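Below, subunit A partners subunit B and then partners subunit C, in two separate complexes.
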Partner chain A sequence: MIDRAVRSLTVGMRRGLVPGLTVTTLLLITVAVNALLAPNFFSSYSVISNFSSFVPLVAASIAQTIVVLGGGIDLSLGALITLSSVMSVVLMEGDPGRLPLAVAVAIGVGAAGGLLNGLIVAFLRLQPIVATFAMSFVFAGITLKVLPQPGGQVPAVMTTTYRDSVIGIPVAALVIAGLYGLWWVVKRSTLGRHLYAVGGDERAAYASGVRVNQVRVMSYVLGGTFGGVAALAILANTGSGDPYVGAAVGTALIGGQTTLASIAAVVIGGTALRGGVGGAGGSIGGAVILALVSNIVFFAGISGGYRQLINGAIVIAALALTAVPAFRRSPA
Partner chain B sequence: MPFLEMRDVHKRFGGVVALDGASLSAEPGELHALLGANGSGKSTLNKTLTGVVAADRAEVLLDGQPVTLRGPREAQARGISAVYQELSLVPDLSVEDNVALGVEPARFGFVDRREQRRTVRGVVERFGSAFEGRLPLDTPVAGLPPGEQQIVEICKAVARDPRILVLDEATASLHEAQVRALFEALRDLKDRGVLVIFTSHRLEEVFELCDRATVLRSGATVGTVELAAADQAEVVRMMLGRSIDRIERDRTEAPEARRVVLEVRGLITDRLRDVSFTVETGEVLGVAGLQGQGQDELLEALFGAARISSGEVRLDGKPIHPRSPRQAVRERIALIPGERAREGLFSRRPILENLTLASVGRRALPGGLLRGARERRAAGDAVRRLQIKLGRLLDPVLTLSGGNQQKVVVGRWLLTEPRVILMDDPTKGIDVGAKEELYSSMRRLADEGVAIVFHSSENLELVRLCGRVLVLFEGRVVQVLEGDQVTEDRLLEASVGVDQVPG
Partner chain C sequence: MTDEAAAPSAPSSPVRTAGRWLADHPAAVAGIIAVAMFAAGELLRPGFAGYGQILNVLRVAAFLGIVAAGQTLVILSGGEGVDLSVGKVATLSAIIAARTIDGGNDLMLPGLALALGACALIGLINGLGIAFLRIPPLVMTLGMIAVVQGVILIYTGGQPAGRAAPLMTDLVSGRTVFRIPGILWIWAVVAVGMVVLLRRTAFGWRVHALGTNRLASGLSGINVRRNVVAVYTLSSVLAGLGGFLLLGYTKTVFLNLADGYMLPSVAAVVIGGTTLAGGVGGYPGTVVGAIVLTVLESLLRTMQLDEAARQIVNGIVLILLLSAYGRQARLRQ
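After this line comes the complex of A and B, so read on.
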């Protein structure tokens, strides 16, 4: 009986249905520490505000998961998200009537940027790590051209709806649920299956008749699309545009912090950086954990520079954790 | 009009001719074997048919219609699917997902999981007895033993509902019950009108399973035989061709006072089963067999690069436990790999550096400082002993011919002053002249008293150089041929597991 339950649990974990034990444990710890440090942590204001701050990174981490699962990595993700957000906000000019257009632009810019990355990686055969890093500067350059200084106005309806709640559930939480639903759709599609295959063993996938290049391109396109959603969440959360949102404090590396956090969330969530194993469920957990940790760092009154240091250290710790045999998901 | 016809298939890989006018003709509902010795072109012909290798020139007709096959996808679209020697499974995906990979039943872009399970289960159930009764559909393939992985690979090919199924050494990692299950499934496919092209190094299996066999030799088709009317000896003779009566031998004469240098007893590794032998000073001991019977693993185990689970290795009577190449080098054992070796050369760096690399620590001053004169002397010594033809020691290695580059690799290990040199098919892919040069270097080393264990995929080479040859079959030494017994016929017979060919 127990044996059976354990087996189905591990099968579930493998398939990314149940976030891994590590994620669950870390999530409980960070929630507990947050609750201790902020006595009003469970107040409805605080819950809404927290969930609102989770969404951008959650969307970014799903984006990164999809790319990583397919055997790639996207170091331009943060810059692309920033670019999507500034393009969108510049078009809106606070006019609610332009909201549908702005949403389409944010998603479209994300998808187009992803397409560009995918084509470069799949057809020019450049190393994803270098190609996307270079692309991050391209996206950053365009961002600063479009919106050199923080500015732009998001229509009030967007920000208020975002911070609203429906029958007691914050809209932001529903957005996260919706994003997970979208991921589930991707996972269940033929493309999703091929994503795991290409990331798991490219040659085997090719020999099985999978269109490897097409799958790789699509992984970046999907990643960019989720990035577009992240961009909209940033706008809804902050109410205006900012080319330096998600940049590392004190640096001009546009979106750098977002990129690093998205990779950290993927790693904490148990997706293997070599590709082919894991899922977005864990990454969502990882994103929430990272957001809660930065809350803790904030409550503890640690200054900006040290916050960078701690963020970096967390990523290294998360990577190191995956090397501990007990935390590995599959035997080598 | 035959169902499948391949005519005049030519393929070269660089300077090596793999196929030189091979042909094959087969009918639906036939179990057709493809036979030949090492390097006869079986695998290349298979891969031409499955679109993995693009032939230089070929005519392929299906149902009398000429077809071109670019890539495995196109071959699959024409109903040709294959089980390759190298597995094409994605380790992290489940058995079910692997079997369905690339042909998932889909509705509106979504995998129809119920339909997928139904079809995959239908295929895997046919091989039920190969999985010890259970159906591991949800297990990731990485968690299955090699034999079961191989069966999954076969299920995958069968699930594509092929008209032609190509099996290249698909039984190599299967145990008896699995082979039974496979044969049953293949006969079933035959009854449904599928053409199965079957390659196996186990001749008995071929005779048991197949209707006809096409025999290849040196990249060309020798003939096609009805197996029911043929015997094994006849087929072996076709594989071998006219036997060579006398060939020049340059085996080393036994020097006075030979003594055993290396003694191996009961060696067991993942792929070796109870291997025992000895090598003496000045001896060139041959290691023969069809490809992949454990030859590589034997050399790697002695060099500390493959795990030894039990058995004893003695060097000059003293037990040694080679656990890493570094340790083996310290015991003065050297491994000279074949084609990979030349890749291991630093082609733009000077010959001198390439020669001295492995032994540089022995000559350095404390603290690691090198003394130029000693380095030059050492390199010069290797050049002399191996008669490497070069311009200057400081020229880059890439200025040398292929054979001389290979000698640089030998020289690199020679400078570690080895007592035993293990050679893993060192002449593969080098031209005839270069081979001759390497043979004379080997002879000279043996005369100096070095013991050489020489694995070669070319039996003729073994006949020329070795006074004694171990023949491996599925990880066991099935025969040890000595002196006049070392002939091409005997080597091939022993390799395919035939005891004696009469007449």
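After this line comes the complex of A and C, so read on.
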């Protein structure tokens, strides 16, 4: 009886069902604790500013999910997002008339950076973890060339629209829903199915006639494109450009923190880092959980050092919790 | 490790034989690249490849090399193994040592013991999380960075205190025969120790076995979990040793003293020919990898590029270096 339950649990785990359960539980817990610590958590102001702060990491985690599903990883994602955001803000100069151009540039830079990553991984056949690490330097360097100091102005219409709400639903929440819709389209497409096939077993995929290299390149291009959206969300949320936004704590590693958080969100969301299993739905949940956890630590009035410590410990605990059903499987 | 018998009997021109030998010995390729970069630097600015300058580059490379020693073990042991917390752990070690020692020679050994003990504890937690909770190493060690950063902030209150003992500075920077700084002898001892550990002890062979095939090594009676925990603990201890020695070099500490070693330590291992899949490679390659990265950095500084341009060139050169031999097999053989 218990044996069967465990087995169905592990089967469900592989199909991505149980992580869904874990993510939902964690989500409910973090929301509940947030509501307890901040009495006005459900006020419209608080809801809007919370959702506004979720979008960048949500977009980044979808980007990372797509790359990870295809069997890769993108350590340059944070740097690429920062690069798109500074390119875009430098072009905008606070002029609403240039907004369409700036949006196109942010998305275009993301996609182009992704293309470069994809070509290097697929055709130079470098291991994704080192190739994208090396590319993160390239993106970081260009970022500093474009905008060495925080600056630039986003047109007011962008920030006000972003913090607006439509019939009671925050625009930022609609953006998240839209991003999920886009992911759903990707997942249902031929490319999406091939993505899972390549991430699951590239040799089998190749033998079945999937253009493995093309799929791999496309996974990075799509990832970069979602990264461009993350860049726009950062701009809309903060109102100006900053080369050090999302940089790793204590280091000048551009976009480092964003990259790390996106990977943590993917793992909490139940997508296997070896590829082929999972989906962006869980990662979105993971991103929101991470944001809510840092809220909790902030609300609890915990001072700097302990905040860091607890934040890290909670992330590890969440990861451990995600892994519990796999406990009885073969050792590491 | 060369397998002459299995090599196809192609017409063996000397060039092709040399090419094949190089493909089997990535560390040799990296070594040639390092020499070429010294030569390029000498052309750009005479004196770049002078004896004193080479010693200087080696001295800077030593700290990276020692931090990357543990990284070599972790990556060799496979299972998507990587330890991203090495930089932060090295920083923690230096901070604990500086505060304990605070310039007193007699406190050097207690300071070292305390620092390495704390690092061992962190490595142990990493290993337990990875081996027993099955958290992917990449994420476990990433999460650990935030935890260690928190520990550092609490321990120091944001203001690191203390300084190295004069004896440490003598050991690290003091000139010995042929003006060789002490740190190079320490690095040599670490290197010999690593090679012996990996090639001449049962533990070393178990690490290789784990990297080659975890399931098979488990079925052959290797206690996989215990050895994985040991590997991550050792990695943190070696990172801590690197941080301690770095303190001897800088004399005082900063909150982010050794953080920058995180990704270069991985790059040094990979440039040295250890594959990220595990099981293949060794420490001599990492030594060469650390030297290559340091010469590159020094070369870029010599060219007086600004920080931004240096980062760009650094990234591109890394890609070029890796594509010279760090490539994976083609799908269609």
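In this text, the second predicted complex is superposed on the first by the 283 of 332 C-alpha atoms of A that agree within 3 Å, B and C clash if a C-alpha of one lies under 4 Å from a C-alpha of the other, contacts with A are read in each partner's own complex, and residues count from 1 in each chain.
Note that in this section contacts are C-beta pairs under 8 Å (C-beta built on N, C-alpha and C of every residue); 3 or more make two chains touch, one makes a residue touch a chain.
None of these values were measured; they are calculated from a predicted model.
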| item | value |
| --- | --- |
| Touched partner set for A:A320, first subunit B, second subunit C, both or neither | second |
| First, second, both or neither for A:V277, with subunit B first and subunit C second | first |
| Which superposed partner A:Y206 touches (first subunit B, second subunit C, both, neither) | both |
| Partner chain in contact with A:R193 - subunit B first, subunit C second, else both or neither | first |
| Contacts of A:A300 with subunit B and subunit C, given as first, second, both or neither | neither |
| Greater residue coverage of subunit A in the superposed arrangement, subunit B or subunit C | C |
| Doubly contacted residues of subunit A, that is, touched by subunit B and again by subunit C | 203, 206, 330-331 |
| Residues of subunit A touching subunit B in the complex | 11, 14, 185, 188-194, 196-197, 200-201, 203-211, 276-277, 330-331 |
| Complex interface listing, subunit A residues touching subunit C | 73, 75, 120, 124-127, 129-131, 133-145, 148, 202-203, 206, 212-213, 249-251, 260, 263-264, 267, 273-274, 304-313, 315-316, 319-320, 323-324, 326-327, 329-332 |
| Interface residues, subunit C side, partner subunit A - complex | 79-80, 82, 129-136, 138-140, 142-154, 157-158, 214-215, 218, 224-225, 228, 255-256, 259-260, 263, 266-267, 270, 275-276, 307-316, 318-319, 322-323, 326-332 |
| For the subunit B and subunit A complex, residues of the former touching the latter | 52, 72-73, 76, 84, 87-93, 97, 101-104, 106, 109-111, 113, 138, 140, 142-143, 156 |
